[in-house]
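Structure incoming, see below.
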Amino acid sequence: MAKKASSSSPSHSGAFVWTRKDIVGLDELSAREIVHILDTAESFKEVSTRSIKKVPALRGKVVALLFFEDSTRTRMSFELAASRLSADTILFSSRGSSVAKGETTLDTARNIEAMGVDVLVIRHKQPGAPHMLARKLRTPVISAGDGPHEHPTQALLDIFTIRQKLGRIEGLKVAIVGDIAHSRVARSNIIGLRKLGAEVTVIGPPTLVPSAIAAMGCRISHNLDDVLGEVDVINMLRIQFERFGSNQFPSLREYSRLYGLNAERVAMCKKNLLVMHPGPINRGVEITSEIADGPNSCILQQVTNGLAIRMAALYLVSQGKE
Amino acid sequence: MAKKASSSSPSHSGAFVWTRKDIVGLDELSAREIVHILDTAESFKEVSTRSIKKVPALRGKVVALLFFEDSTRTRMSFELAASRLSADTILFSSRGSSVAKGETTLDTARNIEAMGVDVLVIRHKQPGAPHMLARKLRTPVISAGDGPHEHPTQALLDIFTIRQKLGRIEGLKVAIVGDIAHSRVARSNIIGLRKLGAEVTVIGPPTLVPSAIAAMGCRISHNLDDVLGEVDVINMLRIQFERFGSNQFPSLREYSRLYGLNAERVAMCKKNLLVMHPGPINRGVEITSEIADGPNSCILQQVTNGLAIRMAALYLVSQGKE
Amino acid sequence: MAKKASSSSPSHSGAFVWTRKDIVGLDELSAREIVHILDTAESFKEVSTRSIKKVPALRGKVVALLFFEDSTRTRMSFELAASRLSADTILFSSRGSSVAKGETTLDTARNIEAMGVDVLVIRHKQPGAPHMLARKLRTPVISAGDGPHEHPTQALLDIFTIRQKLGRIEGLKVAIVGDIAHSRVARSNIIGLRKLGAEVTVIGPPTLVPSAIAAMGCRISHNLDDVLGEVDVINMLRIQFERFGSNQFPSLREYSRLYGLNAERVAMCKKNLLVMHPGPINRGVEITSEIADGPNSCILQQVTNGLAIRMAALYLVSQGKE
């Protein structure tokens, strides 16, 4: 079982002072820091319920969104989060840009830094790209996903949602189901949940759940039905159709039969099971509509909570000093 | 002749209270509601003449633009309209988005709703898509065009411009010329103009003007010259080049000769004929430059008025309660 | 040597009143006007050093960015500059727009003008397009580059950076190295530097440095090493890979050997040589990393200064009266 540096209770974060310039992965963060982000998000969550959803925290600041890889919902979530903090945003997308002209990622980022922006949000297909930029630049960097490596704000919003719904993280049993091998969402969730004291089981076909992943402190299973009875949370990963047909994958129907979440399976679970999905969902593949839209699902609350988490991340790195 | 629930006079709208959550088509709106939108636009039109073109009506609100189909000018018009009301805007474009990942339109819209936006403006190639979203979502929905079905804000700005220029709608004779069969602009104009008591004649080659359209309460003609002498307004539709060469279409030159608007034809019309076009215009095809830029043309005023209409639409649905 | 209407000293611009509606090229501007833009940028430069980088100068105004040709950094620089002046921005990009529907540039611009925007920033592949629009429209126009013709704000930020670093322009010796024939950056720099009294030498292979360019008042050289000892500034142009392999170009390695800037060559220059590059740089082609990142380089300051220059341009044309 993993070490746990802190309880997930908000009240513990009172005296804590944030000092990090960057949020590039949960691997770098202590349990204390993770909890502090969650607690900060808690205070921003209220803003989203107001008629005028704005606070002046980052007025006059500029958040640059550097998307070296396409994204729709993560980009929109960060953009709206920045806007709720009264920051301006500017989008760099690698489509039709100087990337095509052979510029390095570091040069692109340095140029945008030289324009006087205050925070850089970076998505990149290269694992470690946000970390490299965080080291080289004076400007705070937040990762919006780096290849199959980490997607810290997604895991933070998942953990935030679990804490909101179930009141704690410590001691919970969380299942993550799907293509674990290629999923940055899975990796960041495993890391964060372990740091806060949850037990994590990863589930999927052997080709998609490498045994090496056990080194991250999680249990491995290839049989979803075996674990249903004990888990508090099931996080269903999105199946990437483009991978099917490759030799790593069974047929889509086979996958759905073995690892899809449906009413029959949810009936085998605890009453207050929490069903999560990072979206976009494939209805009828990894999850049926009945479950995705049912009483156990918190899929849309995850989206809503994403704004509070990203507001917290933007706010904290803007205040932080190394 | 169509029923008419109301005069188009602004003074009648004093006691009227807007209660609709959505504006997805003129088909759903009563004459009274159409006039109320026009009157509200009237009051916003003045804002556009100020040096600082802003009112705080939607400060702190977020307008999400969901363009499942490309658009330039309608998107810009809505974006500027939202900005003039002090709202923030966020753009979702189906290019390179999760639509490509197989997400349904409803799931995409629900996700964006979950991010806490206040109004959804939707363009979709599927007729009825905005109506479906309006029913399923709590958030107000405005259609920015649904396939060949309706383009309500375009028709509203057209009708607004006619009223501004000619002082009324009731009793006017309006000709709509071109590819009526595939035009959402034509459909919405016919519906709106009929509700306010205008007489509408649709004109074009038989392949592009199906006789079934008469059921909408308009007259059909295949000879432009026959109607020129009597009309108060001619609305020239854009010819979509990509359709030419198909068997529905005559040659471009033939089309232009039979249905193009030129100085010779305008000379056969009333002195104060109003020439309209939804843009972008094909100079020398459906309209000559002399006429497009001439004294009868109100093409650019239509564009200017588009902002006032869209400000009114955004404002009204933001206030409305079902 | 060129006529010089004015010193480049800020103090001279006290009584000057800006009257131009547009900034479309340095060719149209007097030395006095160029200096006035530099001096105005000087006063805006301070804004960029503040924690809250905003002034209310253009609050409530709308800057439309019309990019008929792709751009990343120039677009971002103008967008951020507008935002620092508290203006709203709206982007028109020719991708997937009505340009594809055959609309003329003038009609597109007139439509956007009719939406009530206050300044148009235009990039176009057609030389002279911004000038044409400036003549036809009432709205102020700023060129963001027109084909191989001019890129006035780039040259202004280059000249601003030289003045900032070396204290003056008059009498300086400036080398511009690369594909002079196709470079709008080179052309605008030559024009502006000559007007302010600098001596300009253009350097590159004969195929890329046509002898006709001497008519602009600059010296021509085909041997970089010949001029190194005397110059105060070297502006290295970006090599466009796509042109290599054509018969105008030597091999890339050959080009780099003859015209690339490296430590060996910089050692032959004055101690306080200023190394410039409009970006994006090709490390190891026209410039080595050692030099691009070294003490003589002001490449990132150019980027930073770009915002002050564009703030000045946006501000001045918004105030100007013909």
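Every chain is named by a letter (A, B and C) in the order it is written, and numbering of its residues begins at 1.
Please note the rule applied: a contact is a pair of C-beta atoms (placed from the backbone, for glycine too) under 8 Å apart; a residue touches a chain by one contact, two chains touch by 3 or more.
From a predicted model like this one, the values you see are computed outputs, not experimental measurements.
Simply put, chain B must spin 120° to overlay its Cα atoms on chain C, rounded in steps of 5.
Looking at which positions face the partner, chain A and chain B present mostly different ones, since fewer than half of the interface numbers are shared.
Centre to centre, using the average C-alpha position, chain A and chain B are separated by 41 Å.
Counting only residues that touch two or more partner chains, chain C has none. On the side of chain B, the complex with chain C involves touching residues 48, 50-54, 70, 72-73, 76-77, 79-80, 83, 95, 238, 241, 279-283, 300-301, 303-304, 306-307. Chain contact summary for the complex, chain A toward chain C: residues 59-62, 88, 90, 92, 96-98, 101-104, 107-108, 110-112, 114-117.
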